[in-house]
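Paired with subunit B in one complex and with subunit C in the other, subunit A is shared by the two complexes that follow.
Coming up: the complex of A and B.
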């Protein structure tokens, strides 16, 4: 526990852009209330002060890309009560997980030309590949409302209400006209987890999957739809292989398209094997 | 943390620098009263953006490079758009340029308010961070948060969200805001104008150590107005060159203690950022900004990086005024974007990130796939001058006790608002161990 019986909060960074932890500082109206309800025990982006662990809640941003970080996450897990991964890097390896694909030849040759110089692993992996994770917030970046809901739930000792339905539901909630149906715009909304508030369709743009795959998505059907809307196979592959390239459903579907099995009528079961 | 070496030397070491974006440390060795070694240590793990941009489509850099930095994504998106449009030989219409500038004003307001009040001011007022500072100075912290919020709201209004906006595309925007949508934020911006003036007055009262930076400054200069979203590089040493020539003048080097490249300008240390922009563009500021700067004790040139917090305040005020102007002049009913058909070629782009000039260069093949990408962010360019400042600061204040000296040195780094996540992204590993 932190001082005065308040729960302690620590914020940790791995390979990432800082955007997800910045979301906490972007809670301008709530920041001082949060600071009143918890002890901010470790948050280098915000304060020099450090309170020794253990910590009641750890927010972890970023993916594991170095041997040192692979050890550091174990130590953080050991001194954290509740561990929450925040954002696409922490939950799926981030865009830097593009290194995990064997076909980034120039990247690999550059890395291995000087392996002694920059300490890096050949894969970028999510936090859950290393330690157990209690909750996750998706997104590139995470959504401020979801972060506040999570913190409020943890403080109240209840389960956070983080929807796992698709972006399509949020479009309906907002009253958006469907960009895929009305304009023929390729949109990953049907297979992407909600959380952003259907931002891209609200800006006349197709969803590009920031929040990663929704848990019961039919990816082969999505691929057929994208192809019918005029996207080439390389375009479809790149769309899956962006900010959540390491998320299993996107990884597997992009691999299936690469191996050329899209002509058939693959089912979700086939893809998951 | 400080300790004494066996030979009597002294080491000041900060393992994790606080209140900077990204992960870095500081290492200073002092022997016989002389600062011998100074290192800004950047151990933020590399993410290799320039590698995985290869093979991506020419439409993708605005979204992809935004993810280099959560604090200044618009700087990346904008420079990427200019570079790709240059490679494809496309010019965007003036209203697209105006909207880029408006979105960018939001980023300046948000980033400058964040740095001034949450990251930098605690150094001057003697607190570990803004939350601790709020207990004694609630008005100052609330002022900073209010300004920051307006910046974020402007970005959300134009870009969809404050971090990694979704509305930016090569050639323009997916959807233009309407005049009535933009009008909703005008009252908040009008209040922000007063808040910005109050912010400048507040930080002008801080105690600033005497310190003079001798290095050349580099900033963009626009055809009119103070450079934000575009311009031509100029320096205080009289150099000017087209953005497309930046690789001829700016060279990146790799040093052993840093996962970021250090850049030099024609072989010399140089500085980008608010002080450079202010010194090279004072004449382009509005009369209100110039007056506020003078009232805050600034001259037309500023070479004391500790005073950068005032300059950020002046730029914040300018960004608020510009946002109000652009909204006032906004007209509905225009195209959101122009087509940017791909072609083989090379293109460069630059913009003024809150912490300094950022350069992008892309080479495209005939189908628009990227074959080469180069990104030179501001913190890479400032890394050598940060270390030079550190050395000078440590030497100047060597009689302070270790705790005070360490803090003063940390402050010398924070003067730059360094973004370590940005600086660590490179592909080319040129080992220089000599």
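Coming up: the complex of A and C.
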């Protein structure tokens, strides 16, 4: 418990861009209520004050990419009551999981003047690959309403309403006209988990999957539909290999398309260029 | 039919004005983001003048008709379902007060609710949409416990229906005996005439209220020629169905073929996205969800659309009953085309074709039902031939 019997909240950063933590700071209208309901005990992005653990709730942003971080997440798990991963990096390894498809040593020697100073793992892995996770919020970045819903649910001791069905459901709830059907725009909504409120289709854009796979994603069928809409195999592979390239359903399908593709038109190298 | 009048577009405007002045929220078809859908309507200029549509599996496009028809398209993106049975309905809200929790009913909030509230007048509904409303009335208000929220939205609603003149490639109301000419469940039914003579609408009253509204318009009585014309428009539309569904014995075929390989084949294509159920005018599955605020001072109970294609929908202690997409598609079609008949006395499908058009994987209920029948009958024949 934090001060005055309020639960304590800590926010941790691993390999990430800080965008998800910023979502918490962007809750301008609600920040006072949050501050009233919890003791913000550790949140370097927002305050230098540090209250020592243990913490009732830890929000973890970012993926594990260094040996040091692999140890640090164990310590955080040990001193956290409820551990929530936030964002595509923490839940799937993030865009940096593209390294999982290549040779990290080679990247390192090309990019850095002194590669010997850089200590890094071969793979970018989600937090759940290291410790047990109680709840996850998807997205790049996460959705503010989902974050508030999660915090409110944890405070009330109820189940958070974080649906794992498709983005299409939110699209229809909003009364959007489907961009895939009415315009032929490729859209990953059918295989992507809801949570954003169907943001991209609401602005006449196709969903590009930043919330990762929905609970019953049928990727091979999605690939056939995207191909029928005129996407080339390299384009399809690139669509699966973004923020959630490390999410198992997207990873496996992009790999399947790569290995099944004709005449080597879609090698990993070509796709990454 | 007695009391039929012939209206001009200006008369439709007057009808909208009368309904608005009587406190109705008037809704009707208009072009929204590349499709026709139902939205609040104040002027006939918002109707889809000169627009038709082109519909097929996973395909919808507006097309220019080359004439001035305002109802020259088939069913739009949604039926009247979002009007009478909205995607998210606040059931009640509780606030902590000095004397304990205080419960507000949603009606108490109406003023700060920016949604168009009841009573509703919906213009331009199709015969298939009316059949779907009858089904919802039966399901939601005709059983032991009526759905009070739905009943409130339906009470005093005015329905102005339209005969389809140009059915889409996915329409099959004729197979389901639900269209294309509205036969019941409307206050006024319009048939648009534009091919010969001036652009006009033959209006039939379907209720005393509809008759009273038509009298108010001071439009001329429909001539015998106009009536004959209107009848032939409906007959021609019935000849131009894009799809067909053979409903004969379909219930038993579905019940007897729960393990058919056809389900595996659909599951291979089905994205389990839920679009079919949310555009279906008769699907009514919902979840109840509770939300509370950070301070724990307010909590709300909502009824939200859900779908038998979502894993959580069949979740009970220990896991989801329908884990596989195969079992979800089978559940959907078997309920719609078979169990519905036992449960509510009609098919759950009115033949609008929306689930075909708006399925991103182009799965076609008429084709799947046909394939199930073909495979089942083939098996029966083989069995019969065996000694």
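In this section, the second predicted complex is superposed on the first by the 247 of 273 C-alpha atoms of A that agree within 3 Å, B and C clash if a C-alpha of one lies under 4 Å from a C-alpha of the other, contacts with A are read in each partner's own complex, and residues count from 1 in each chain.
In this section, a contact is a pair of C-beta atoms (placed from the backbone, for glycine too) under 8 Å apart; a residue touches a chain by one contact, two chains touch by 3 or more.
Keep in mind that this is a model prediction, so the values were computed, not measured.
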By the touch definition at the top of the document, which applies to A:163: first (subunit B), second (subunit C), both, or neither?
second
Quick one: is A:70 in contact with subunit B, with subunit C, with both, or with neither? Answer first, second, both or neither.
neither
With both complexes superposed on chain A, which partner does A:28 reach: first (subunit B), second (subunit C), both or neither?
first
If you tally the residues of subunit A touched by each partner, is the higher count for subunit B or for subunit C?
B
Would you check which partner chain A:20 touches, where first means subunit B only, second means subunit C only, and both and neither mean what they say?
first
Go through the superposed model and pick first if A:182 touches only subunit B, second if only subunit C, both, or neither.
second
Kindly classify A:204 by the partners it touches after superposition: subunit B alone (first), subunit C alone (second), both, or neither?
both
Determine, under the contact definition given at the top, whether A:96 touches first (subunit B), second (subunit C), both, or neither.
first
Return the residues of subunit A at which the contacts from subunit B and from subunit C coincide.
204
Going by the contact rule set out above, which residues of subunit A touch subunit B in the complex?
13-20, 22-23, 25-26, 28-29, 31-32, 35, 40, 43-49, 65-66, 69, 94-96, 98-99, 104, 106-107, 110-111, 113-114, 117-120, 124, 140-141, 196, 199-200, 202-205, 208, 210, 235, 238, 242-243
Residues on subunit A engaged by subunit C in the complex (per definition of touch):
30, 33-34, 36-37, 148-149, 151-153, 155-156, 158, 161, 163-166, 168-169, 172-178, 180-183, 187, 189-191, 204, 214-218, 220-222, 224-225
What residues of subunit B sit close enough to touch subunit A in their complex?
16-23, 44-48, 51-52, 54-57, 60, 63-64, 67-71, 73, 114, 118, 122, 128-132, 134, 138, 141-142, 145-146, 148-149, 152, 160-164, 166-167, 169, 174-175, 256, 259, 336, 410, 419, 421, 427-429, 431
Complex interface listing, subunit C residues touching subunit A
32-35, 37, 58-61, 77-78, 82, 87-88, 268-275, 278-279, 289-296, 299, 304-307, 309-312, 325, 328, 357-358, 360-362
